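Each of the next two complexes has chain A plus one more chain, namely chain B in the first and chain C in the second.
The block that comes next holds the complex of A and B.
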């Protein structure tokens, strides 16, 4: 990284001013609010009671809170799993096959990133709700309910985080090219063997990176899930919805504790991502 | 015949990359596909390997119609111009790949890999990753990997294209020796005529999607079918009504040779052991190029402005000028 050193070598008043500005900006926008959340998380449960870690744990042990977190984990797990499988599949389709509509597909992939999650939720309701949905009626007669139940929330989460894996994997697939895959096929490998032994090891880190990003995104998803979920305690209340509900119901400490857990998860994800970046570049 | 290509054509949109190609290559032969860039050499090679499908025509390998076979069923070894080694596998694993796919017993794989690494002089690098090899070593690795599966034909797409001149020459000699040892039917693509002339048993000259000539290096050099082949296989110049090679021109400092063209030496360039003259020939728009040895040039006492008389040597290869009305 010779470039960075060169940049760092030039220190002047402008550099210091810029630094101050960036730090102040981050402090006002990110650090201070997060610090507030953290400090309230560890505040005493009742006046006069002990604060700190035990207070934090007590808040989390509330059954509605554990339910919310396990629901969030379930949704995130399935959404990430689906997105990983489909994401890698779609990436291969876009980079390795030529078919009519390929350009349109690769534009459509980015749609979930640009459309508001609320709109995604509404679209799912429109398509799948049992009352008015296009497929809802048929699914209902088969005994399957999407909207207002976990499958619908998983779909909403998956929809919103769909592009993350693809966006990581496609550039890598484009960069490695197809020569080594062709070489493998001329050496007798079939499609699956080529994928398992040649393609997958080359995109491994991109996939992991995409998975971590989707996981972080899925854990924090609010808008789309809020629309398709009943959103009541112990009935479709995910961690983010719980935070919203508690906050508006004047049970702010629980909201803060739950928020803190989510912050922790994203920090963890960032750490993992930066470790992967390092690994990938070594 | 090991490879039979019949009536193969390939288009990319409106562009004709290959037009009715017919070639048959006997078993055990080392053949060069020679031609200028964009001529369709790689396309033909990839069609033989099954990495590209032809629009028309058929490909037969070892008597089996392979036109519709996928690459993994053709038993061809393919070596790419840019190596295409498996970056995440060690050298030994790269070579073992095809054998492991074929589920050969472990001991056999190990023995075969050791033998091949010996053959390509990479034994001491068996446990390195490809990124720790030089370009020439990577190319040898790619060759060993292709040879491991004992292919019935070995196809090399500009195998030495990305290497510097010296390594190229070494590997070229090595490939010839390897072929003499292993005797697998080999086709290699090159746009370097020297490489083709030096290494190949037979040369197929391809230009603009068509075959210009097929023949042994001597045939091509001595009896080029047309102006293009002549021009592609070495330097050519014009003398009177014909085109011929600059070293096939006799230089005299006195008139007397019947049919000799008079001219004046305009430039003399010494390159190593030879002298290249540019001679302004009377009644000819383009100057003639002449190559002669330094000793010969000294004996004739040539300098700038010398008057010379040029004539084709006896037995010189020449073709009549095409599409030009002599002034």
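The block that comes next holds the complex of A and C.
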């Protein structure tokens, strides 16, 4: 950092021009639109109508809105839980164990993040819908319906946020190496003891970070869930689907209120993430 | 805050270091088995079902779907828009990263957080946020609904962090000595940038750009409200897939989805190669 000080000291017109450009660009692209959403959330709907915080809360207490948020929370909870257990497990496997296909697996693990949400939804439908899916018929005769119900939406959510925990945990596991684990093992600790006493404390923050990122991603998932969900009010309508439905039905105030809650959630996630990073570095 | 919601140089990969790894024990073997079954059920089988559905009608049907005038127009629009956005991001993203690392001014830390917002926001909310400022009730009199400019703006918004977040850490690590040496030998600042700094940023810019391109190609949520979805005009690939699904044309949807999947896989491979090349050079 100290090295760049000299370069920083030379401030010409170019420096100021670039600075102005960047500020203006970010303001027009991100900050101003965000401000506009906030002000519309709390603005009175029409002249003389009540605006402000109470109207905002009232919109959120509508039964369809509370249903949407609780459904979103349910999907996010299960998806994050599954991804955390799976993510920590698979991170340990690909950094600690040698098995054929290890490298291919570690590349494939990243695939879900790059696949379009629509394709994710379509893939789940083509595999599990009772009408057209590969396994739909078998599942249907067993009385299991995945598409159009909560399990399918949990799967869609889990799919899109799958690599987030792994991405955080793998580098940390690589960095700490296996020396202390080997030492513990030579002193007679069993696998579980090693994991709980040696490995887990060192990956703790990476796991928390991964969980926060997964949670943020899961709460906001739209495309994949939309395709596997019935998507009607009180029937599979998550918070994000509700925003779309309300906006297109000209019920903007409710759409803004729900959107504002999600904006708050994601900004909160950003803050938590930066706090964790600080904690982790110190 | 150089930590990010985007993986710095793409995904984390275990290094090719098979010595010093444990051999699979019965317990970890079972763990691996369970993990692989879940990964197959959630990701691999559904994606295979997409490929299967696309291939079901044979090469001719696949080709006919993609070369159908309306589908082809959607694909071309998607690729052109994504390419434009990628070029703009490669330049502006580098400039933003430059200002965030080298310049110093009041409020810089806030800008650093602002960069992450497009990534943290749910996509449907991102669309709504842009519409409040640039939509039908725009306070500045710009309406981007159902225009190609609108699609461009939405893609610019959601892909903002990619290049910035990959270039930023590289720029911080950059050795100032070389720059000073170049300057002391009489190189102008522009020459120093072009000959000294830019070459070392190229891998990061490439990585960030390919992440951004893949994201732009597959983007769905933020375009739902903005793109009017007019055939030949503002219909993009992901929305075309949705239209196919809603029209119960699974084969058509799968054909377009396979193309998007291919882009995702190519991106991952490119990132892996870039990451390995950088790792080799130390």
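Basically, the second predicted complex is superposed on the first by the 267 of 282 C-alpha atoms of A that agree within 3 Å, B and C clash if a C-alpha of one lies under 4 Å from a C-alpha of the other, contacts with A are read in each partner's own complex, and residues count from 1 in each chain.
FYI, a residue touches a chain if its C-beta (ideal position, glycine included) is under 8 Å from a C-beta of that chain, and two chains touch if they have at least 3 such contacts.
Values in this document were obtained by computation on a predicted structure and should not be read as measured data.
Partners chain B and chain C fit side by side in the overlay (superposition on chain A).
Judged by the touch definition given at the top, the superposed model places A:186 against chain B, while chain C stays out of reach. Of the two partner chains, chain B is the only one that A:198 touches; chain C does not reach it. Comparing chain B with chain C, more residues of chain A are touched by C.
Annotation: superposed on chain A, chain B and chain C show a minimal Cα-Cα gap of 8 Å.
On the chain A side of its complex with chain B, the touching residues are 179-180, 182-190, 193, 197-198, 201-202. Within the complex, the chain C residues that touch chain A are 1, 3, 5, 7, 11-16, 18, 20-25, 27-28, 31-32, 34-36, 38-39, 42-47, 49-50, 52-53, 92, 95-96, 98-105, 107, 111, 113-118, 120-125, 128-130, 132-134, 139, 153, 156-157, 160, 172, 175-177, 179-180, 189, 214-215, 217-221, 224-225, 237-238, 241-242, 245, 250, 253-254, 257, 260-261, 264-265, 267-269, 272.
Chain contact summary for the complex, chain B toward chain A: residues 49-51, 70-72, 74-78, 80, 82, 84-88, 97-98, 101-102, 142, 145-146, 148-149.
Taken in their complex, chain A has these residues touching chain C: 1, 3-4, 6-8, 10, 12, 14-15, 18-19, 21-23, 25-26, 29-34, 36-37, 40, 82, 86, 89-90, 92-99, 102-103, 105-128, 132-135, 155, 158-159, 162-163, 166-167, 170-171, 174, 178, 191, 213, 216, 219-223, 227, 240, 243-244, 247-248, 255-256, 259, 262-263, 266-267, 269-270, 273-274, 277.
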